[in-house]
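Would you mind keeping the following structure in view while I ask a few things?
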C-alpha cells in the first residue's frame, strides 16, 4: 500500500486558549515494504502524525492518502483494514478474559472464518514468542508486563497488516526485552514483507531496524532521508532536541581530533570496525 | 559514620491465590552510606522495585530487617519518620500528582506532617527552586510536559527535606531532553545538596553515571561495585538480561581485536580521550 | 473572589417568583463583577434544553384551569402556560446561578469552600475532610481521564472496534473494549497514587494543615449581606404584588 501525505496540518483545540498546532504542513510518501523511523521529541507531532496515518484524525488541512483514498473517511475502510497501529504501552488496551480472545479480536473484525481466525492467532502468538497451548486460556491481566506487551502486539499482528505502525514499542522494557522485541520486529518485517513505521526517540535502537528516518521538529519535517545520513547529522538532531547515537558521537569526536573516520556508522560493532580500520589493527 | 541504610537478611515474599508464596527477595545484605549515589539495575522481575520499597517502609520484610538512619522499618511507630527521611519518586509522572496546581501538590507532604502554613509556604518555594520550577506555582498539571510533571513530583518529595531519595525508573516514560534534565537534577541533588540517591534504571548509560552499581537477579544482589568494575563483566550482564553502555560495548570489541585500552572507560568522551 | 461560603448561598435564592427581574439583574451584575462572559453563561442553558422543553409541555397540558385551545381531551390552559413558563424560568435561573459559581471559582476553591461549609459536620463523625480530598483528587484527574478515554477509543478503533461505525448492536458491543481498559487503568492509577501519597506521609485527613486557609474577609460579609438582602427582597416583593 502506498501512503501519501500532502501538506498535512493539524491543530488541536481550535477556538480555545489551549490551541496547539501539532502538525504544520507535513508531506511525505512511504512506499510498500519500506522500514521508516519517525523521530522527534515529545510534542514534535509524532503521535499526531501516526494517528493520521491510521485515519483516526481528521486533518485541519491537507490530505492523507492510503492507496489514493483519503484516510479518515468511511470509504477508506478497506485500506484502513490493511493498516495496523500499536500505541505506546499497547498492553493498556487489553480487555478480553483470555489471551486467545484478545488476539482474535482484530481478525474477528476482519470478517474471517473461524478456522482462519484460529490459524492467525496461533501464528501471531508464535511471532511474539508465546506458545498458544500454554498461554491461550490464561487471563491476560495475570501475565507479567512483558508478556502482556507481547499479547497486545500479537493481537495487532494477527491482522496481518500490510502496514505496521509501532509507537515506541520498547518503552518500559528491560535491556533484554528491548533486544528481543527489536529482533522480532525485524523478523516480522522480513517474513511478511510489510511496510514498517517505527516511532521512537531512542535513536540507538532505531538504528538496528530502519533504513530511512524522518525527523520531526515542532510539527514539521526537519529532514527525511536514509538512516545513516539523518542519524549522523548532529546539528540538526540537537536542534530538534535529540542527539546522535553514541557510536556516531564517538566517531565524530575522533574526526574532530583528526582521524579520517566515516561518521555514519550507527551501531557499536560498526563503529568498532571503523576505528580498527583507520586507527588500529583491522 | 553509621550507614544510612542497613539491610540484613532481607527476604520478601508475595502471597498468591491458592496459598502459594512467590519469593521476590531472597537474603539481601546491604549497606548504603550517607551521600552515596547508587544505581540499581536488573531485568524486570529481578526485585529492584521490591527492594526499594523496603527503604521507606512501603513494604515490610517477611524476614530480616531494614534500618534507616538507625530506625527499624518494621516498627510501626517509626514509619512516618522513616518516610520523612527517605522520599520516593515513581515511574509515571501523572500518577504522583494529587492536586490541581503545582504549589498545592508540592505542599502535600508538609501538609501531611501538620506543619504551620508559613513553613509550608517556605518549603514549597525552596523545593520548587531546587528543581527550577519557581515560575510554575499556579500551573495545573495538564499544562505541564511529562518532564515537568516529574520535576514537580521530585519537588514534592524534597519539600519534606529528606536525607535520601529513591528514584524508581524516573525517566522511563520521558523523551531524551527530559531525561537529561531529570538526571541533571538528580546529580545536582546528590552533589550539591548531599542527598543520598538510589536510582533504579533500565538505562545502562544512566547507571554508569552513578558512584556504585548494584545488579539484581531473581531476588538477590549479584553484583556490587563501582561502574567501571561492574560494566567490565559484559558476558555476565548479558546473561542477567542486562547490557552495556554503548561506549563500553565499543571498547570491549576494540579490546577483543587486540587494541590496548585502559580499563574503566564508561563514556564516549572517555573512550575518545583514550584513543587519541 | 469572595470565600466560597458566600457563593454557596446563592442558589437558594433561585425559587422566587414575580421578583424575577430583580434576580436576573443581580445575576447580570454578578457576572460582570466576576468577569464572567455573559455569552458563556447563556450557553450553559443548552444542557438543560431538552429537560426544559419536556417540562414545559408537561405543565402546559396538565395544569387545570380555563382551556385556551383544546386538542381532543387534552387542553392547553392559560394557567398551564404560566406554570410551564415559571418552571422554565426557575430552571434557567438555577442553572445560570450555578454556572456563575463554577465559572467564577476554581475547582480547588470550590472544594475548599465545600469543606469549610460542611466542616462542622465532621464533629458528628462524618468523613467530611476525606470526602473533600477525594473530590479534589477526582477533579484533578478529570482532564487526564478525558485524554485516556480518547487514547483507548482510538486504539480500539484502529483494531476495528469502532464505536463510531456499524449498526446499533455493533456500536454497543464497541463499548466493552472501551470500558474494561479504562476501569483497569483507573484502578492501576488509583493504586499508584495511593502508594505515592503514602510515601509522602499521608495517613488520613486528620491532623493535616493546609497551605491556603480560607479566611472570612470583609468582602465576604458584604457579599453575604447583599445576597441576603436580594433574597429577602425577592421573597418580599411577592407579598406586595
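Observations
Chains here go by letter, A, B and C, matching the order in which they are written, and residues are numbered from 1 within each.
One rule holds for everything that comes next: contacts are C-beta pairs under 8 Å (C-beta built on N, C-alpha and C of every residue); 3 or more make two chains touch, one makes a residue touch a chain.
Note that the structure is a prediction, hence the values are computed from the model and not measured.
Between B-C and A-C, more contacting C-beta pairs join the chains of B-C. Ranking every chain by how far its Cα centroid lies from the centroid of chain A, the top place goes to C. Put simply, the C-alpha centre of chain A and that of chain B have 30 angstrom between them. Spacing of chain A relative to chain C, judged by their CA centroids, is 44 angstrom. Within the complex formed with chain C, the chain B residues making contact are 56, 58, 80, 83-84, 87-88, 90, 92, 94-101, 103-104, 107-117, 120-121, 124, 140-142, 153, 156-157, 160. Interface of chain A with chain C (complex): residues 51, 54, 56, 74, 77, 81, 84-85, 87, 90, 92-95, 105-106, 108-110, 141, 155-156, 159.
For chain C in complex with chain B, the residues that touch the partner chain are 106-108, 136-137, 139-140, 143-144, 189, 192-193, 195-203, 207-213. Listed in rising order, the residues of chain B touching chain A in the complex are 42-45, 91, 145-147, 172-178, 202, 204-205, 238, 241-243, 245-247, 249-250, 253-254, 257-259, 268-269, 271-272, 275-276.
Touching chain B in their complex are the following residues of chain A: 41-43, 144-146, 171-177, 179, 201, 204, 241-243, 245-247, 249-250, 253-254, 257, 259, 268-269, 271-272, 275-276, 279-281.
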